[in-house]
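In the two assemblies presented below, chain A is common to both, partnered first by chain B and then by chain C.
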Partner chain A sequence: MPESIVTIMDVAIGGLLLGGIYALIAMGLSLQYGVARVLNISHGEFIMLGAFSTFTLYTVVGINPLICLAIVGPIAFIIGFLLQRTLFTQLRTSAPNPGAFEASSLLATFGLMYVIQGIALQIWGADYRAYTYLNFGVDLGGAIFSANKLVILGFAIGIGVAFYIFLARTHMGKGIRSAAQDPTTASLMGVNINRVLALCFGFGAAMAGLAGVLYSMRIPLNPAMGLQYTLIAIIIIVLGGLGSIPGAFIGGLILGIIGEIVTYIDPSLSLAAYYFIFMLLLLVRPKGIFGK
Partner chain B sequence: MWKKIRKYIIPLSICLILISTAVAGCAEEEPAPAPAPAPSPAPEPEPEPAPAPEPEPEPEPAGPTKNSIVIGASRPLSGPNAPIGDAAFGPIMQMWQERVNAEGGIYVEEYGKKLPVEYIIYDDATDVGTMVRLTEKLILEDEVDILFSACGTAFISAQAPVANKYGMVLLTAEGGATIMRDALYGLPYVFISLPFSDHYQLPVFAEMAAAKGAKTAYIITIADLHGVEYGGVAAIEFPKYGIEVIANKSVPITYTDFSLLVKDAKAADPDLFCVFAYPPIIMPVTGEMMAIGFNPPAVLMGPGANFGFYGISFGGDPMTINGVTCFAAANEKTSPEFAQLYADLEALVGWPNLDWWGHPYYAPLVQIWQEAIEVTGTLDQDVLRDYIASNQFDTILGNTYFEMFGEFGGGLMVKDTHPGEIGQWQDGTVEIVGGGDWPGVVLTSDWVYPKPDWPTP
Partner chain C sequence: MNITRFTSKGFLIPGLISLVILIALVTLPFYGSLYNVIMVTSILMYIILTVSWVLFSGPTGYMSLATAAFFGIGIYASAIFLPNTGAILPLLVVVVIGGLVSSLVALGVGALTLRLRGIYFAIFTFGLVVLILELGNWWEHTVTHTRGRFVMLVDNDVIFYIMLAIFVLLMLTTYLIRRSKFGLAMRSIGENEEAAAHIGVNVTMVKVITFAISAFFMGAAGVIWATKLTYVDPYVAFNPLFSFMPVLMAIFGGMGQIYGPVIGAVIFAYLQEKLQTEFPYYYMLIFGFVLVAAILYLPDGLIGLIQKLWRLIRRWRKGGAAKQDANT
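Take a look at the complex of A and B:
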């Protein structure tokens, strides 16, 4: 295969991998902010918890990281669900208006971030943790990729698409979409709004946890790793359009691919490129790609 | 049910958090003598070793009373630097405190008794601004007797002028840079201990590599002070030995996918592949090299590859990274004293937290502090500063002293104290394979060049 094609494949698959992970993270945050109106600053901590849980389950108990998806996802969902039904429902019902709720919930998630980090520090300590899984090369027409990268890419895209189908085709998904558009009208139409909001927060936490499970195969872990992913997720949900799940998915993929192209040109500019896109979008299309 | 949960669980959780935070944050504080204003001129280092402290069995109680020596430190207990702080100077601090207090404390003549060591340690959350504020709080509000180092080159660069401004002696731990050395002329209270880039790690490495026939180097650096420092020095030192730097690429610390960079390096086919970055970068780079089979003759990584945790991050077996070169000074084979140090540290914090670059220099720091206090019999910062500046110490490194910078400057631990500069993972541990041409260098193995292949998956 010509070298230029190999390079394009390298950039495309690398970008899709990053984008797939970003998409999962951003879809979760988009659910939490777009529907539940909680800008969850502790979102990245669920990625960290998912990653550390996988590390422990794999290195101590010997459970395959891909099976960990089936363990970590539901547990993260339950934690998110309970947080919404307790902490954020309390804040929402006691807030005088939606604006006050968004402000108080933002502060609460800041606190939650430090609490979760503190718990992780107590359990796993401050040391870096890492493991290897499927860390060998796979030759795709002359381009060599690590196997775990391809597996992560496949699962990330698969989970994202499956979740989109769930939202688009199921009764529960319709409820979530209606609550995202207009929670008051949705509740008048018979949607149990408290349950839907809790489901959204639960699904958001689960998506972050799943992203953590997948990405733990490739990155070293430490309790402070979460915040950088929260910041990237915020950029993506603005890029895709606040509250838009397809927007978050597409936005994640776009950001991943752009990041990889910029890295190919000059790696020192990769982070700057994200913020440049963010600022450019705020100027040109403040409502985002899929925003209405 | 939700009403009950809201009613009981939320208040209960808040109470638990508040209680745990309060317990963790509590620390007794003792007043200390105020820092003196200015140092006396620094005398030249003298070759004679310092006189041994003479304990006085029945001292007369006189002057001010005091119950402990309060040592303050702003450390990264959380945030990105926490793993480094946890494994580097942190264990030395803990081990020294336990040993000193088990012996009843350090004898301080001006108080006429042995005083136990007490720490006030704040979490700077790996934020330079927070660290500077906490350092000022330790000095001005807590009035600590001794200030211990922050963690990281950028951090000690910011802490040094603060300590100097208030006349607090600062023996730095994790970090060092050429720009700090240049600043020492105006920082009389600051003493740098850890070897760094051109002092004399990269010159030694370049000479070793040239002797093996290396001609080209591909360099990746982290986009911060450390990366700029090492990338810049390598670009100066490598060509001196006929090694061409064919790429010198900088990456932000937040970057996570190194496939393209590693593939670019593989395509360039360098003799030396250097990654001057922290564990969040060197660990995935190593994993990617293994995955795509990139195995250049020499791989130099750090900081991070000098810790035990790096060795067990690729399947749990440190044999997987045999051949990786790192910055390192000593190991348990260097001397019986180092064998004891590493045995004690392993018992305290475990093998993954052993550090073959930093621990050999952090252990002498507390020895220097202890001797200075015992011999001078005071906690007065000016007296202590002058003693440290003008004496030689018998530490685990042997004869240890600082080269002073100008009449009113600070100090840099002399190169003659360095038992080694370069290490290499061999048979599951770090061997010391490169050092300077001065007496006192102890190499524990030969450098393996080219490095062995990565293990087959």
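Take a look at the complex of A and C:
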């Protein structure tokens, strides 16, 4: 194959490998914002917590990172569920209108970000940590990718598709979708709105936690790493249309590919490029690609 | 008769209190320690950011998170025109330049984005901060090849007096805007934008001009703040924290009155300074808890709480008086 085609393949597959993780992170935030109306600034902190828990479980206890998925996911779900049940339910019921709730919950999650970072700083310290797992090369049509990146993509797509089927096919999934469209009417139709919102927030937190477990295989960890991923997730959910789960998934893959292309040109410009695209999109089509 | 009494009473007491506070502030370097002067300077900086944020976002209801961008532009103006190798322009000129550049950026951004509603405007303005931060980083890395810049040293008293002057100007501006037709137009936009447009308010112009005025003060404060920092790089200048702090301080104080945000900023800035120096390891944790608690339990801010307590006391006293009447 000619050199240029190999490079294009290289960038495209690399983009998908990055995009898988982005998709998972964005789906989590999309659930929290799209249904529960909480633009969760502390979303990235759940990624950080998932990543650090895996680091400790693997290096200290010796538990395989893939088994950590089954430990971290449920714990993150419970934390998210309880947060929605206590903090955000109180904010929602005391807010005079939906707009006021969006503003106050955004600020509350900003405070939450500080709390979670502060706790992580007490436990793990401010230094960078890393471990190696499945770090050998796999040949994909001439380009070499490390095995852990392929495992990450596989799990990210698996979790994304499983969740989509859950939303589309189950009774509870139907309840969540109806609450996303119109919470007042949904509750009139017998949907337990408080439980659905808590479930959504819990699922969102769980997805961030799972993304953290997976991502910890390929990047160094630090208590301050979360905010960056929150910002990327916000960009993606606006790109895919606020509240659209398939939009968040596809938007994540698209942003991963864009990121890989820009990194190929100049690595220090990738975040700036994300924001440039994001702001352009907000001006031209604020509803997002899949928004109605 | 009643009206004149009402207005003179409304002017006299707040005017006297403001005058006493102003005199206490102006003479501070003569009786306060150096530590006090530096502390009050940073409190003034937070007040300026908060009050200028409220100037636009309070009445119109558009939550701007661009504060760190305007503040950072001021900081960078300082780093460019006042390097430690020797000032290119006089300090006061740079203060005005920083303010003007910030308000020019605000004019452009405002004209583009003020048609975005609600959360979209907040997300966009926050994106602006990160975009400028990343572009600044890239520019410094690949074009100028600098890793941070140093700003010339300025006497602490001079920094204090310039910060104080910006603060006084800002308070006067806010007061005048609130009392003018312009302020009324802004409030009408916050209440109902379509209705405001229908009764002949030039909605876009009012919003963009106020946005630019508030950005001027943020930029000017950034210039003088940079001389206190002395070391500047894009991460220091465009720290997203400065976008969120004014919002939190304003909510903490309460936005209904002109002095609410000021009180919120004073208490928050003092708390932050104390926590940072006395509990450096638990600073983030405690601060986060205070933020969440303030949002949960003080939805109308401290001023709202005090007003509520005041009403309770008055009702209780009235109740007591009524009982006495019944007894006699």
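By our rule, the second predicted complex is superposed on the first by the 289 of 292 C-alpha atoms of A that agree within 3 Å, B and C clash if a C-alpha of one lies under 4 Å from a C-alpha of the other, contacts with A are read in each partner's own complex, and residues count from 1 in each chain.
Note that contacts are C-beta pairs under 8 Å (C-beta built on N, C-alpha and C of every residue); 3 or more make two chains touch, one makes a residue touch a chain.
These numbers come from a predicted model, not from an experiment.
Chemist: In the superposed arrangement, which partner chain does A:L214 touch: chain B (first), chain C (second), both, or neither?
Modeler: neither
Chemist: Name the contact category of A:G99: first (chain B only), second (chain C only), both, or neither.
Modeler: second
Chemist: With both complexes superposed on chain A, which partner does A:S268 reach: first (chain B), second (chain C), both or neither?
Modeler: Both: A:S268 reaches chain B and chain C.
Chemist: Quick one: classify A:Q90 as touching chain B (first), chain C (second), both or neither.
Modeler: The answer is both, since A:Q90 touches chain B and chain C.
Chemist: Taking the superposition as given, does A:A179 touch the first partner, chain B, the second, chain C, both, or neither?
Modeler: A:A179 contacts neither chain B nor chain C.
Chemist: I'd like to know which partner A:I234 touches here: chain B for first, chain C for second, both or neither.
Modeler: second
Chemist: Regarding the shared-chain residue A:I257, is it in contact with chain B (first), chain C (second), both, or neither?
Modeler: A:I257: touches no partner chain.
Chemist: Contacts for A:L18 in the overlay, against chain B (first) and chain C (second): which applies, first, second, both or neither?
Modeler: first
Chemist: Just checking: does A:N222 make contact with chain B only, chain C only, both, or neither of them? Give me first, second, both or neither.
Modeler: In the superposition, A:N222 touches chain B alone.
Chemist: Intersection of chain A residues contacting chain B with those contacting chain C?
Modeler: 87, 90, 115, 117-118, 121, 266, 268, 271
Chemist: Quick one: in the complex, what on chain C touches chain A?
Modeler: Chain C residues touching chain A: 61, 63, 112-113, 116, 118-120, 122-124, 127-128, 130-131, 134-135, 137-138, 141-142, 240, 244, 247-248, 251, 281-292, 295-296, 299.
Chemist: Taking the touch rule as given, give the residues of chain A at its contact with chain C in the complex, in rising order.
Modeler: 39, 87, 90-91, 94-95, 99, 102-104, 106-108, 110-119, 121-122, 227, 231, 234-235, 238, 266, 268-269, 271-272, 275-276, 278-279, 282-283, 286
Chemist: For chain B, which residues count as touching chain A in their complex?
Modeler: Listed in rising order, the residues are 2, 5-6, 9-10, 17, 77-80, 82-83, 85-87, 126, 223, 249-252, 254-257, 259-261, 263, 279-280, 283-284, 287-288, 290-293, 304, 309, 313-316, 352-353, 457.
Chemist: Inside the complex, what are the residues of chain A that reach chain B?
Modeler: Touch list, chain A to chain B: 10-11, 14, 17-18, 59, 82, 85-87, 89-90, 115, 117-118, 121, 125-132, 135-137, 144-149, 194, 215, 218-220, 222-225, 228, 260, 263-264, 266-268, 270-271.
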